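Input: a single structure, listed below in structure tokens.
Lettered A, B, C, D and E in written order, each chain numbered from 1.
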Amino acid sequence: MEQLEYIKSILPFMLSGLELTVKIYFGTLLIALPIGVLAAVGKVSGPPILKKILYLYTWIWRGTPLLLQLFFVFFGLPVLGIKLSPLPAAIVTYSLNYGAYLTEIFRGGLESIDKGQYEASKALGMSYGQTMRRIIIPQTIRRVLPPTCSEAVNLVKDTPMLALLGMADLLRISNQIFTRDFNITSYVLAFIIYLIISSVLVKLFGNLEKKYSVYE
Amino acid sequence: MEYILEILPVLLKGLGISLKIYVTVIVLILPLAILVAIGKVSGPQILKKILHLYTWIWRGTPLLLQLFFVYYAFPYFGITLSPFACVILAFVLNIAAYEAEIIRAGIESIDKGQYEAAKALGMSYWQTMRRIIIPQTVRRVLPATCNEAILTFKDTALVATVTLGDLMRSAKELVFADYRITPFIVAFAFYLLISSILVQLFAKLEKKYSIYE
Amino acid sequence: MIRMSNIHKYFGDLHVLKGVSLEVKKGEIVSIIGPSGSGKSTFLRCMNQLEKIDKGVVEIEGMVVEAAGDVTEKVTAFPKDVRATYRKMGMVFQNFNLFPHMTVLGNVIEAPMTVNKTDKVAAIEIAEQQLAKVGLLDKIDAYPSKLSGGQRQRVAIARALAMKPEIMLFDEPTSALDPELVGEVLEVIKKLAADHMTMLVVTHEMSFARELSHRIVFMDEGEIIEECPPQQFFEAPSHARVKLFLEKML
Amino acid sequence: GCGGQKSEDLSWTKIQDKGQFVVGLDDNYPPAGFHDATGELVGIDIDLAKEAAKRLGVDVVFQPVQWDGVMMNLKNGDIDVIWNALGITEKRKKEIAFTNVYMIDKNVIVVPVNSSIKTKADLAGKIVGLQAGSTAEPAVTDDPIGKELKEIRKFENPTQALLDLQAGRIDAVVTNEMNGRFLINQENAQDKYHILSEEAGYFGEEPYGVGLRLEDKAFLAELNRVLDEMKADGTAAQISEKWFGANIIE
Amino acid sequence: MIRMSNIHKYFGDLHVLKGVSLEVKKGEIVSIIGPSGSGKSTFLRCMNQLEKIDKGVVEIEGMVVEAAGDVTEKVTAFPKDVRATYRKMGMVFQNFNLFPHMTVLGNVIEAPMTVNKTDKVAAIEIAEQQLAKVGLLDKIDAYPSKLSGGQRQRVAIARALAMKPEIMLFDEPTSALDPELVGEVLEVIKKLAADHMTMLVVTHEMSFARELSHRIVFMDEGEIIEECPPQQFFEAPSHARVKLFLEKML
């Protein structure tokens, strides 16, 4: 009972941390998705110089830890004279990081489409643009949906790194309550909240996948 | 340049700790993950339920939170482990949960015909698993597993939060002490180097395992 | 040798086998023909327990090895003997189902070694014998992926033969093959026939069925609707459905 | 100022133009700054900063930051001042400017209640925990005993170090007295910790000041002016009474 | 209608077509036969620019649409006209290559709408006409995955026909089909023959080639080694390689 009272007393504060988590989450998705699509198309059919640049981009951003990237953007860029306030800085870093992963997913998807689909389109007289837009991209979306959704779920679980930058997300706040009250309830609560969010997302994305698989 | 030479020993020491954690985690994960996967595919109902719960919770929550939990909350239940042991425990439980799912999917992706052919030849379930299914599964899950292995290396950057002086922490301390970003850049280079090496290594491994394709 | 009596099989609500009975004698070659979905594969698979039957009796060499549903016979043999009896059947699948991670030799010695506990030297000897029979001694170290379809199917046959079966079941052994490769597999099966191997063959190859089998069984919608020697089957089938089918096929 | 060799210091004008200044702090550092049960940011430094802002005629914004990077935040311009039990040290003086001292604290040694560590000298061969980037870090390493320690473990904040002390992974925690006393008086921590007496030993006096960028001289002057005012008219003393039940403002 | 002169094609070092020439007249039906790997598909694909030729000339209705290597002819037509000319060719593949994310109707109206800019109502009208011709009007809203192989191939034919081609290229249109489903596809092709559609068919169906084609072309190792009317081809082939091939196939 006492425990319940305690939970009730800390919950509003914890949920205020969730707000930041949610902002970062949607901000990132909104930017990372277009980056992924465009960079993937560039990687598959862009000019060699663009391909090289995009290769470099995915190599660096996939090859180093997100945490280091965050520290770099938060503390390194200002030294070079580039100043961003915390929220945009976080969103930019997350977006570039996830954009790099999504690029590779989408590229894999594009390349997995059977050559026969291109040939059939060409034999019907369709141009490259028409083929991509009408035939290849729609099939790619279906194919990359599962890994994309799983990245989207991973993102939820990467947002707690904000806590290490002093941003008051759900984890930092539960950490604060924990260290203030010497009571692990806030951690348990955080576990449950994250579990609920990722389970809900898994469910949602599952429905999305189902919707897109009508033709199978 | 001189500055880089000056900070290099500190960063290298941090890298050493990162690598020590990494290797320990990697060595422990595979056996655990294979057992969990087999349990999930063909264990008794109750075991399946428990393993489902395990993978659900550990895949559904952030590694960082798990790390904090193991480090700060376990002592409340009377379990006090050294920082290194905490890190290993949190990482192994987390990554094994992911890896177990990969292996399970791998086992389930093997063509039904393989089971049937083995059965038609008179092989028992365990003979079939050991001789026919698992070897093919290993080949099939190799790419996803290598991917996981590379991600794991980058995740080691999180251990700085529980007092271990890994590469990430060394770099951070240097940056904050000297107000220069060079340590970050050197750390970037180290991580990039190691993950590129890992990519190469795993590509070789995949090639080796693909002789029969 | 084999007697299947009044076999019924359901997949969910789908009644796939509706009381099929068939007897095969030692040395006999029986071809099973019929339209797609008529239950030919299912029937064959019920014979060697790849599918559980829902009703009926399976007898092999006089021993009841499976009895289900409302029947008077019971399985009285020890499980060990039942298993040993099943081992007398070799099966060859449409899609070969070779073990892709093993070489040709590895495929053929696997079952003798793990199931019969034959030692490796002896197993290799058996394997070489069988591979010679199917004409693939030179491919002994190749992986299945490097073989043509016809070669794969011949390895699959050698693999089944290495267990010294007394009866071979073939489920459309040539229908996954390019037309040009069908011949080499049929050649091997003909050789087995010459050795008086008992065989049950589901096939779409009419000329093969006509030439080789002692008896042809025609299945339709889960029932055997015609069962007679090949000549009668092709020249004077009694059933309209069979006539229609033959017209389409030839 | 641009172009001129002797650029005029516009720091105070800028603050006035913005109508606010940004305080960087570790918002998990009671009683200087922390969140109370309702999530509200409170603390003695919070109160002091608010009062100072009122007197300066501008707003104050509190920006929680990662403590070990706080000096960088200041230099990078993310925040305008550090006001969070910030110890004045020679090393820090090279990097940033400080207001006049407003409080003097010291780094004390916290041990579990029945620890064998009775004096500072007993720390030899032990593991000591402290907050990364705090003044405790140089205070311990620069002390002769620092070389005799087994290990120094760095935590994100003193509370985590205290929790680890309770867990038994470390033997002692060095943190400033104000924070240490506040924490161990918490409901769940009472009777678990013990602070070594002044005679038993501590690590140096620690005068607190507000930290600013070296070049922000005009703002520094303004801040010093209102701080002195607050001390003079007793407002600072009132705030101190509220938090400590006594006036410890210098 | 089409004239291919001295076509050469390399894949890397592999010389796949070694100077192949062929002329097809309006309303003619030509079957291309030959062993696997002889270059039949490649030749067909060179015809409608799915593969670039390395040497030779492609003429369609008297217009040079492609000329490569050391030849005297040049492509003089405007690119627009060349494209329009290519559109007169419809192609049907062995693996159907239907668009899996579109319904049957979607597949058939796609090209008329995007390429010819036909409006949707008119495109649907054309589609219904063609689907009626291949007997699939009732499957108009099904997705390809829900169709049998024979039905898929018939949709593929309808899809090609919807572009109103003057010549149809078929690359082994029935070889991915179960034997029982071959008939329905050949039925549709026969209908096209009755309508005097010009057709080039790569096939393994000897009876079909014999019955329908005006001319049979036999390819081996990148060359045409026999080219004659079907009767002569099957009864008195002049080339030993052809005889061997026919023995194996029949």
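Observations
Criterion: a contact is a pair of C-beta atoms (placed from the backbone, for glycine too) under 8 Å apart; a residue touches a chain by one contact, two chains touch by 3 or more.
Labels paired with UniProt names: A, B = Amino acid ABC transporter permease; C, E = Amino acid ABC transporter ATP-binding protein.
Bear in mind the structure is a predicted one, so any value in this text is a computation, not a measurement.
When the partners of chain D are compared with those of chain E, the chains appearing in both lists are A.
In this structure, the chain pairs B-D and B-C differ in their number of contacting C-beta pairs, and the larger number is found at B-C.
Distance between chain centres (mean CA atoms), chain B to chain E: 52 Å. If each chain is reduced to the centroid of its CA atoms, chain B and chain C end up 46 Å from each other.
Distance between chain A and chain B, defined via averaged C-alpha coordinates, is recorded as 20 Å. If you average the CA atoms of chain A and of chain E, the two centres end up 46 Å from each other. Residues of chain B in contact with two or more other chains: 72, 161, 172, 175-176, 179. Counting partner chains per residue, chain E has no residue touching two or more of them. Residue numbers of chain D whose C-beta contacts span two or more other chains: 69, 72, 160, 163. Pairs of chains that satisfy the touch definition comprise A-B, A-D, A-E, B-C, B-D, C-E. Chain B makes touch with chain D in their complex at residues 72, 75, 80, 82-83, 161, 163, 165, 169, 172-173, 175-176, 179. Those residues of chain D that touch chain B in the shared complex are 68-69, 71-72, 75, 95, 129, 132-133, 153-156, 160, 163-164, 166-169.
Put simply, chain A touches chain B in their complex at residues 59-60, 62-68, 71-72, 75-76, 79-80, 156-161, 163-164, 171, 174-175, 178, 184, 187-188, 190-191, 194-195, 198-199, 202. Residues of chain D touching chain A in their complex: 26-28, 30, 34-35, 37-39, 64-67, 69, 72-73, 76-78, 157, 159-160, 163, 186-189.
Interface residues of chain B, counted against chain C in their complex, comprise 111, 113-114, 116-117, 119-123, 127, 131-132, 135-136, 139, 211-213.
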